[in-house]
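By written order: A, B, C and D. Residues from 1 in each chain.
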Amino acid sequence: MSHVRERFRSVLARPTCTLAANIFDPLSARIAHMLGYEVCVLSGSVGKVANLAVPDLVLSNMSDVVEHCRRITRIADVSLMVDAEDGFGNAVNVMRTVQELEAVGVSAIEIEDNVVPRQFNVAPLGLVSTAEQVGKLRAAVAARTDPTTVIVARTSALAECPLEEALERIRAYSATGAEALMLVGVRRGRPDFEAVHQATPLPLCVLNPPPDVRNDPGFLAANGLRVLMLGNPIFAVAIKAIHDGLKHLKEGGALEELHDRQASQDILRAVNRTHEFMQQQREYVP
Amino acid sequence: MSHVRERFRSVLARPTCTLAANIFDPLSARIAHMLGYEVCVLSGSVGKVANLAVPDLVLSNMSDVVEHCRRITRIADVSLMVDAEDGFGNAVNVMRTVQELEAVGVSAIEIEDNVVPRQFNVAPLGLVSTAEQVGKLRAAVAARTDPTTVIVARTSALAECPLEEALERIRAYSATGAEALMLVGVRRGRPDFEAVHQATPLPLCVLNPPPDVRNDPGFLAANGLRVLMLGNPIFAVAIKAIHDGLKHLKEGGALEELHDRQASQDILRAVNRTHEFMQQQREYVP
Amino acid sequence: MSHVRERFRSVLARPTCTLAANIFDPLSARIAHMLGYEVCVLSGSVGKVANLAVPDLVLSNMSDVVEHCRRITRIADVSLMVDAEDGFGNAVNVMRTVQELEAVGVSAIEIEDNVVPRQFNVAPLGLVSTAEQVGKLRAAVAARTDPTTVIVARTSALAECPLEEALERIRAYSATGAEALMLVGVRRGRPDFEAVHQATPLPLCVLNPPPDVRNDPGFLAANGLRVLMLGNPIFAVAIKAIHDGLKHLKEGGALEELHDRQASQDILRAVNRTHEFMQQQREYVP
Amino acid sequence: MSHVRERFRSVLARPTCTLAANIFDPLSARIAHMLGYEVCVLSGSVGKVANLAVPDLVLSNMSDVVEHCRRITRIADVSLMVDAEDGFGNAVNVMRTVQELEAVGVSAIEIEDNVVPRQFNVAPLGLVSTAEQVGKLRAAVAARTDPTTVIVARTSALAECPLEEALERIRAYSATGAEALMLVGVRRGRPDFEAVHQATPLPLCVLNPPPDVRNDPGFLAANGLRVLMLGNPIFAVAIKAIHDGLKHLKEGGALEELHDRQASQDILRAVNRTHEFMQQQREYVP
């Protein structure tokens, strides 16, 4: 078992909820690792922008995501959970997707149940059939070559279906071998989480819950919530910093005025691992 | 002639000095493009960190740089000048380097004359022989498949040699078909620039000149300086923003407090080209 | 205009039919180039096997094809026509597909009109609507950054529709800016070709026509057929040679017995361009 | 432990010598796997031609080799030993090389001790110092993230040094944690092998031994030889088959005459894993 997957599993197994870093590229993942985040999450939305400068629909394929993850895990020793959309096709495609993501060192792979639209800005198209999604999740579980890779059943059922129907889906997904559930579009807040927790033994991951939920560690812990994601503010923070800095210089602003906005040499050297490589050189280059 | 190479050449041909954006990854290049920068420069130093999280020696190869450039030009319509180190080997390697960088859409390729050290933190190793560097520059010029790609002779001669010897090298490089000179390590400030400008008809690019030079447009224009680079402050700005934002959340800081540090929706939509893709959809999807 | 695209256009413009090499990987493309083939074609079927070892459905995406083409054009100076399936999505995806294939040096891009099945071994699913295909072809034409890249409208209409309906489609495709038509599944032989030639001014490409057609240069020339493809026999030849050779050694066969099956040193040196690189070294390395 | 590395180790541990398949690309590796070869070897020489069409010097870098191996292991479940040249730089570079090759699923990594020339067709440049090579091998061993990856000390010492000096090197390499030795350029035949076997407990791999050695299983087994490589005849066989087939068609030869040179449908379907994917579809697509 790789240590990154072991760490991811220890987060799921712990009786408290852990805040994940929503990262978007290798540098942000590396910084999250330096800060001690145990889980990093690569969303589809910001992943697509950082990699391809495209909006969150249609224009990214499996290889784009695999390559992006490869570059992240290459420089950051992170436990990475990745949004693998609908698995990029049918259950046979899901199997290739899982194998390629595993091969680049991902720890957890989300497969979602909503119909991926072929066009931008269209109304949600609902969910694929339960049978199709169960087939995909079973295929994903079977495709792993490392049994410690976690398949995460991501579901919009709480947003798209009546509660009881959503719970039916969740029960079905929980019997596939998937080892965590990710909930998106939770509409009713606390009652939804309580109902899901009663319906499944799986640990839960949640994206952007309402403030009263995300700020209540007791509630999160008691209801099986194990990974908390706050959306992608850091991406927008990075964009603003780059934009404002480049704009300042373009408009003739003084270089010196950027001084206080820059990372220290200590942080820059930690990012580029100067110490680690100097140590290797001393040890192995005669 | 591609429009990006045409734009780069128009900057070189103009009788004034243009500020380049020192970018480090696709996103920063895209933002520079949005802000109207005419030239983007990818330095070896920050390119290596953004791509590989390694310090500025030894650990990056030609394919790393090519792939990094490919991802940049894929999403940002920029005139990109790239630091191709020593060309990654002898003159035959230089030819492959030029062809691969051309194939990914780079506009200008710097080939430098200092000896690339095989270890970290060693004293500068001086320059390769003039004959070797002239051979490399001639090879680079011959290797182009698009005659509008600009080969830039990057030289540390002003830092490493007595002035007259440095000018001898610069005259030799200027006769190879290279179409611009990049000066690094200028020690004597204005007199160096004046001497170089008299020694060569080529347009000059300069990295980090002293403040009195970089803030004097008249001097820059009069002495053949056509591209001005201010080093890599924006990289350090981005690192600090990501670091501080992730640290804030990790330490339990409120999500809301990051609000003012985030880019606006307008900027985010410009980065991901929402408008462009919606327009394509309206035009071509029935 | 790149010389490879110019060569492809000269083949289309010539009043005779040219035999294309059906290649499947960089080596076969390189050998085809050595033998003087003016056009190389990368089919989806064998491309998928050589690149991914998968059958001709579902499991290859745009990036797989782009990367395969990049490796081909990198080592073989060929005019490459590539099977881009349905463009890998809707018309907006088609635009990305065209731009990425252009960026790796492809000369001609086929976009087909049949519905790509999501499963193996299912009955043909018919054609997409004429409006959708016309939108895709117009999008492909508009997406080019090099106006000399040729968009090829690939159609199964002659296999899937009554003749008059097929000709309607062909007329519609011919008005999109596509500059060649590829015909697959021609059922009626000569009359089909004659009818298509009367319906469109575009040059025609044909895959696997019946023997009496493919062996009649006069007929081909008179009916607008400009590129002839014979399917993928060479791929099967290569597989057999590798298989039989490895089997021979595995079963204890003598190494010497393979001697006559091996390419000569002259051919091997032509494949790896020994002469070219030695020449570069003599010219540029002092 | 991955099953491919376990298989490689079982070959080394077995008291007999195993014939390896010298493959050159994904397809040849896949066919070797179908034929039951337990070990596949990717040489630098043919690897460079298949990947880059370049001769065996200078022009391939670490990323080229890593990418080639990734494409091989992606489609062929093989125990792959790869020629990693001199590790592509100093000991720090060796560490990156090992980690990247491991990440793409290679089972065994050869690091050689001869000085890599920067030019073509120059006389051998001798060996790097023992201290440098020992540092590289120790670095390679330390860099592994999977302890079952095998580091192979490849040595030309038997060709470049007097025997006793060669044995001194071999003893030093054997104390680094490397777990196999590869011998190239063995000049004295049987006496060399016997002397090496007495000098080191490590299993031996040998490239192209003289016929009387390679055809004597008893001698090979008794002297610690565990992996036998016969050079790259299969590459030359493939080149000839492709060349002759394409030439036949180019010169107007009949398509039918290639019939007997083509692989059967059974073999073609085994190569593209039709059965496996159909099985996946039946199992997981409702």
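We take it that a residue touches a chain if its C-beta (ideal position, glycine included) is under 8 Å from a C-beta of that chain, and two chains touch if they have at least 3 such contacts.
Treat the numbers as computed from the prediction; the structure is a model and nothing was measured.
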Shared interface partners, meaning chains that touch chain B and chain D: A, C
Equivalent interface positions on chain A and chain C, same or different at half: same
Between the pairs C-D and A-D, the one where more C-beta pairs touch: C-D
Mean-CA-position distance for chain D and chain A (Å): 37
Centroid distance [mean C-alpha coordinates] between chain C and chain A, Å: 39
For chain C paired with chain D, centre-to-centre distance based on mean C-alpha positions, whole Å: 33
Contacts with 2+ other chains: residues of chain A: 59, 74, 90, 92, 119-120, 277, 281, 285
Arrangement of touching chains [line / ring / star / complete / other]: complete
List of chain D residues in touch with chain A within their complex: 2, 74, 90-92, 94-95, 100, 103-105, 129, 131-132, 134-136, 138-139, 142, 145, 277, 280-281, 283-286
Complex interface listing, chain D residues touching chain B: 58-59, 61-64, 67, 88-90, 92-93, 96, 118-120
Footprint of chain C on chain D - complex, ascending: 19, 21, 25-28, 30-32, 34-37, 48-55, 59, 71, 74-76, 119-121, 211, 214, 230-231, 233-234, 236-243, 245-247, 249-250, 255, 258, 261-263, 267-269, 271-274, 277-278, 281, 285
